[in-house]
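Each structure below is given as structure tokens.
Note that subunit A is present in both complexes that follow, paired respectively with subunit B and with subunit C.
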Partner chain A sequence: MFGRPLLRTSYEQDAAMLPTAFQKGALAAFMLAVVLMGLGNSVFTWLPSSLLGPTWINPVTNLLPLAIAALGFNILVGVTGQVSIGHSFFMGVGAYTAVALGGTGDGVKACVPFHDELGLLDQTGQCGLDFPMWIWLPAAGIMAALVGIFVSPAAVKVRGLYLAIVTLGLVFIGLHLGRMLPEYAGDFESGRRWPSLDIKIWREETPLVQMTEDGKWFGLIHLSEEQKQFFFLLALLVVFTILAKNIIRSRTGRALAAIRDRDIAAEVMGVPEFKYKRIGFALSSFYAGIGGALWASYLGRASPVDWNLFLAVDFIAILLIGGVGTIVGTLLGTVFVELIPDVVETFTEWLAEQTEAAPPLGWIANLLLTEGEGDFGPISLASTAPGWPMSVFQWNFVIYGVLIVIFLIFEPLGLYGIWIKIRNYWKRWPFSY
Partner chain B sequence: MSIATALLANAGTTFIQTLVKALALGSVYILIALGFVIIFKGTQVLNFAAGAISMAGAIFLAIMVGDGGLPFLPFDNPLAPSLDDPDLVLWLINLVIVLFIAALFGLVIERIAIRPMVGQPLFAMAVITLGIEVAIRPFNLDATAIQARTLNVPWGADAWELWGAQIPKSYVAAMIIATIAGAVVILFYRSRLGVAMRAVAFDQEAAMAQGINVGRVFAIAWGLGAALAALGAIVYGMAPFPPGGQVSQEIHPILALRVLPVIVLGGLDSASGAVYGGLIIASAEVFAGEYLSQWNSTLGSGYSTIVPYVVMLIVLLVKPYGLFGTAEVRRV
Partner chain C sequence: MTLTEQSQPAAGGRSAATTVASLAKSWADRAPRQVAMREKDFGIWKEYTWGDTWELIELAAHGLLALGVEPGDRVSIHAEDRPEWVILDLATVAVRGITVGFYPTNPAAEVEYLLQDCGACVHFAEDEEQYDKVDEIGRETLPGLRKIIFVEPRGMVGKDDDRLLFWDNFIEEGRHHREQHPNAVAERMAAARADDVMTLVYTSGTTGPPKGAMLTNSNSAFCIDVIVNAGNRVPGGPPNPKDQIVTYLPLCHVAERIFSTWTMVGAGPVLNFAESIETVNENLREVQPTIFFAVPRIWEKLHAVALIKGNDASRFKRMVLKFGLSLANRIGKIKVANDGNHTVQSRILAAIGWVLVFRAMRERLGMRRVRYASSGAAPISPEVLEFFIGLGVPVFELYGMTENSAVATANFVGRMKLGTVGEPYPEIDFRIAEDTGEIQVKHAGVFKGYWNKPDKTAETFTDDGWLMTGDVGEWVDGTHVRIVDRIKHIIITSGGKNISPSEIENSLKTSPYVKEAMVIGEGRKYLTALIGIELDTVGDWALRRNLTYTTYRDLSEKPEVIELIQGVVDATNEKFARVENIRKFALLPKELDHEDGELTATQKLKRSSMMEMFGELVESMYS
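What follows is the complex of A and B.
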């Protein structure tokens, strides 16, 4: 087994989820590290809180639902090869479904669209049926998938850049629908509250698993609110990752990849093109709906403007920086893209403390940062003041755009491609090829 | 009877005003769409960065004629027209200078980000421009345009009156500028360089084999496209488009995205398609905004901005490559 790990004697071995022992070990070690990171201070009390404390668990939890949505985007763009800039629209559909079914609201009447005009209620009510999560979470995915199937007649016909623009149009139509239907979406700017991630059996007062307060889980381990949400979303991400991997290596996945590689050739070989494109859209939208519902519920509050073009561009960046068409790449890309802002912010804070430091470091810090009037430097430390020395928040957008360009020019396969290069170098070592 | 006549006259006035508005908005769309089409025809890149490029051009002009400064430089603009009574000639000179700066901007982007990607898939090139858009946008929105800047147009918000209808001078100016730009583009495509560009669009390698300098064609396509996009955004900053006549943080960044339905409708690689698409989409948007406004509460406020996308979706269902686009020949 260790002698020739690449020798495959059956199709089962070739299609295995983790073909080599190294991959199994690496994954196990990684999962252990992630779980330990989540446990952090509640178990390892001797660790410094800046390393594994509340500073990092929130950004990391935030990216878990986005990773689920990104897996769906990978199925559509990476595996099926259909370029979309409309993923945030489907996330919005899922999130609205979740809040309509799971949120607290003003009863069934409020769920009729345009009830104001129909005269059903005196004032604008909000739709929310207060169902538990095991209803609203699958419903969010299914609803998004249905919407995906509904728009697919337009989407399967057009190709390439035309498809990208069509899906971009969906984002704007979605934003407008959010403004039109405040009974689902809440106020256009401030939004509304989403249901919490509590696991309930029905509408009982004390949920089966409490997510919004610190406490003991299963009477075993004391966890904070953040840690509970982290582990719950992590478990869901693992489930959906396995599901995505299984879809990709099944008959459906092979058909999708055949369409990506050459659609006419796929059709000649008996893969119905429109049918599988529709399946690709439905799968991708399903993931987007689940991801959107979980993300909005984790944030607790979301508004229609959250499902905008920038969120959709985020997913393109995730796929390109991580590596198109691979699950590992998608997850790597999500972590990379979503954590850059936090890393840059932490770095700037650290740099701000170094302005009085020894010459080389102190000079760099003074050169980059602006503190108050009359100081030259592109980064302003005051987060609220707009104007030329831009805040870190604004610079993050610049860095993010430049990263997309750099990765596309120099490493089109993304982080996954870099990993492959490193791996191949060591595999062949000491020979260069 | 007199009431009926008055109503009829009123309806006529409304119609004329709406028609002029549609033609003016169509002119803006045509300008930016021509920018998209020239770049796509020349280099096979769908330029998502057009939004940032066009807004940068509009802001540069606002800095030069509104603030009387120079972009990036701590000097006063020696050619700045006066704020109270701007001189038309000086204003136009500033406009031409800004268009050259915008063209230079396009050249720089092409040289840095697009040239290394020649031969890559269309999607990768389009996403590069998306990255450029994201990177430039903070400079447009936060670093330079914190407040809405006036463009200080010589004719301001003045209007002519025609049969009782108000026809703003800016709308007429937009139509004239779009006509001139369209004529320039048509003449350009007939010139030696334009023929070279069409050859490159048809087959890059074959064009190269005939001795055409493909790199120069790329550069010219980007320069021209960026200048046209900037011109469109500047025209859209004239008085009655945004009521105050300024470069706005709300409408200017998404202006180029609103033009995407236009080029999809006309076909990504068709200059005449951009003209027809611009007129169709602008008419649909403006007329729907005017004549469906009684259903505002049902359709939601601002529904007219969605009309272009809906029209685009319907057209694409029937004609997947737009009205005038070249259908891709599919081979195994």
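What follows is the complex of A and C.
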């Protein structure tokens, strides 16, 4: 009934994701804001292009596939409670499945491992079957899920830290395979090209939706290449977010949470431990595979070293800073963690411009920055700086580390926990409980 | 809309009397898809439309016919508030039977007395607990009891009693009966007469065994006309189908019957059944009723909840809350001084308070949408009422009793006087006897008499046919009535002073730490009091001071707790004249209980048995 949000007269109402009109409205407003930001200058032609232009759309688009992968990581670590630092490996599995099926290459024979040694081809070819996205994208997820299922028995055998080490091993196995199988991975350092995000029915020349060129959508709005990709990935993220939310609150999700809280107790209560750990790994890897395939395709080029430990650690940071076990927390964490480097970089660039400014600003800028020998500011402008002073890239890691420590100590539920605390404070007004 | 317009011509040409059942049927005919009741079941408020409700009432009525219920036969109901209560009640009235409600807390001995006294032929015992109370009674002592209907099957499997009948089977029997005699219920309803007894309401019996007051169809019709449909009494017009009511007090009590069943059939608001008395707070929050009736005990409890939770709030919240409550206090005082009306100043204060505290607090208490609230059935302390009025909850004190269908006086919108029970309804004859000060009434809502107790009935009426209420009242400003006390409760000290104990008791009970209070002093030199502490709040208070305790008794005997209550007593003494001061008090060593005979089913003190139980404690205060 209107104005009585707690009076639930049906289970549909009780289970609604957005039970109140206010929540529906707030989410709609937020989504509208995101879409309008995405449209930017295409609609608001009178706005300065720096405000809504590609300066922010590239980093934001970049984090969308990572957010999909992070949702999967949350299902495994946050919901099922299985500590993993091998998420980047599963992303890699998905990405290489995508490139093998959707990339350009030298035909079917080139997809046989060691085909040159076997004499199938004269030289090392590249595997790429040039299938459209509706084949390679689901396949990327499924392949990663299968590998996840293959790995999952380890989670029943070992727990906690040991499981983390097992999954860490996966990352190095992945790197090794990347070196061993250039027919899939391309050159170890420089990698290979990924299929574009164009939507095709089969292998036609003009795709149904052209993602890599500017153009008009529906003959109405002129969109740039970046904007098209942004909207496409945003739509996928929304779909996968709703899917993840529904998985978590379903029977499966409750079983996974039971495993997290105590696997033996869950087993006693009739939740098959092995089955659900397997499901947890499969779901998580599926998301990772999709995320990896989309990310590599969005970047256009990737090499085996991209699926390294640093990427896996990124997800841990995302979860701990955002909020373990929650969807909103995962998304907040992704935005926060993935945008820090851009913020730090922009800040450094801005600082570098201020060195000539009037004190105290210029003075502070000079103190912080290192330009050449004998200058002892903590931030080096060089892209790779060994030791002290540290580069922007290295500072990013320090910031992650410090943030993780701070959140673990002061707010274990992450950014989402902060939000919950604020919300409950007002919800309980004027009492405290 | 008057009731005569609603009554329908009977098949035989003679107009049938309006009964609560015929009113329910007319709602089902007019608005079958409108929601009539909600019951919380597995976390969901399950809805019954008027169509569903009447279908069930009709089937239950046919079921009663199948069980051989004749006009004037008694059907007793022993259950918590639930839709089946209302359905069976209305079905019984439809077949011209007499509904008898028992309190769910009635112990077996009382159930035996009540069943024997009313001689019910069909008994509804909702679950195993209530069935066991009947089971304890020998079958030979209840020869007339043919069937016991139960609705909760848990624990009932394998009971060897041929009188048992499961609710669903009862409804099925009704369906079967309806197929064979499709008009049987309609014929009974058409034969209904205005002076048919429709219910026996057992009085709480603070002195002596409970007596069954016989209320007739014309009593209920009068009551619905005066109390429910009186537009000038309810801000925003009489109750209507958009209104929400939470049903949580025992339906066998006349007040809850009027504010639930009779209001529902009279005006069509939705009845929302609370899960139990323990969950009332949550249920109120969920439903946010628009019309709310509570007994003083509930108002005191809500008041205590606000104060205690406020004390536990974080520092900033506590600060804002303190400010808000002081605002509420001032608004309450201004409104009370203005007959319940706003002034410009109080409106401004209310607006500030609404933003800061009132809106949220009323939401938390479940009072956010209340447009009419009332208190009755026992005296309430003015401080509690003032608090709620200050919060913006329009609480009106009413006065009435079972014997006059609760129709006597009420505070009207814009003419409220705090500390009084309002003005007599214009439709009734009302007087205060000059010699005794007793309130006497005469109107169409006055009961027919006590069941099987003609001598007691005669005692209740004056020679010229006025109902003696047993309450001492006095006029305030010539228009409003203030209740002094029950005649029997007035204390005459050895110094010859007349003292009304309930005012002093209510003042004590304003404190969240006091649950029960009984002032003693009949024939004594000075007044003393037995005081029962509220375990939750005093326990909480003690824990905050690192006072550990084990039991209620242990807590009561702590010197710190005695000191705390001394503070409450001192504060009360300041408000009263010297002769009315409590010189000594003693804390009760146990929580009072209906089962142990210290309280009535309505949680009123049974003074005589209290004196028996705690006589020594009382004597110790006078030695």
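We adopt the following convention: the second predicted complex is superposed on the first by the 396 of 433 C-alpha atoms of A that agree within 3 Å, B and C clash if a C-alpha of one lies under 4 Å from a C-alpha of the other, contacts with A are read in each partner's own complex, and residues count from 1 in each chain.
Everything that follows uses one rule, which is that contacts are C-beta pairs under 8 Å (C-beta built on N, C-alpha and C of every residue); 3 or more make two chains touch, one makes a residue touch a chain.
Note that the structure is predicted; figures quoted are calculated from it, not measured.
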Which of subunit B and subunit C A:168 touches, first, second, both or neither: first
Comparing the two partners subunit B and subunit C, which touches a greater set of residues in subunit A: B
Which superposed partner A:429 touches (first subunit B, second subunit C, both, neither): second
Touched partner set for A:363, first subunit B, second subunit C, both or neither: neither
First (subunit B), second (subunit C), both or neither touched by A:7: second
Touched partner set for A:390, first subunit B, second subunit C, both or neither: first
First, second, both or neither for A:409, with subunit B first and subunit C second: first
Partner chain(s) touched by A:347 [first = subunit B, second = subunit C, both, neither]: neither
Partner chain(s) touched by A:22 [first = subunit B, second = subunit C, both, neither]: neither
First, second, both or neither for A:154, with subunit B first and subunit C second: first
Residues of subunit A contacting subunit B in one complex and subunit C in the other: none
Residue ranges of subunit C touching subunit A (in the complex, touch as defined): 38, 43-47, 285-288, 309-310, 312-314, 317, 320-321, 324, 356-357, 360-361, 364, 369
Subunit A-facing residues of subunit B, complex: 46, 113, 116-117, 120, 122-124, 126-128, 130-139, 142-144, 146, 257, 260-261, 263-264, 268, 297-303, 305-306, 309-310, 312-313, 316-317, 320-322, 328, 330-332
In the complex, subunit A residues that touch subunit C: 3-4, 6-11, 14, 429-433
Touching residues on subunit A, where the partner in the complex is subunit B: 83, 114, 116-117, 153-154, 157-162, 164-166, 168-170, 172-173, 176-177, 179-180, 262-265, 268, 309-310, 313, 316-317, 320, 386-388, 390-391, 394-395, 397-398, 400-405, 408-409, 412
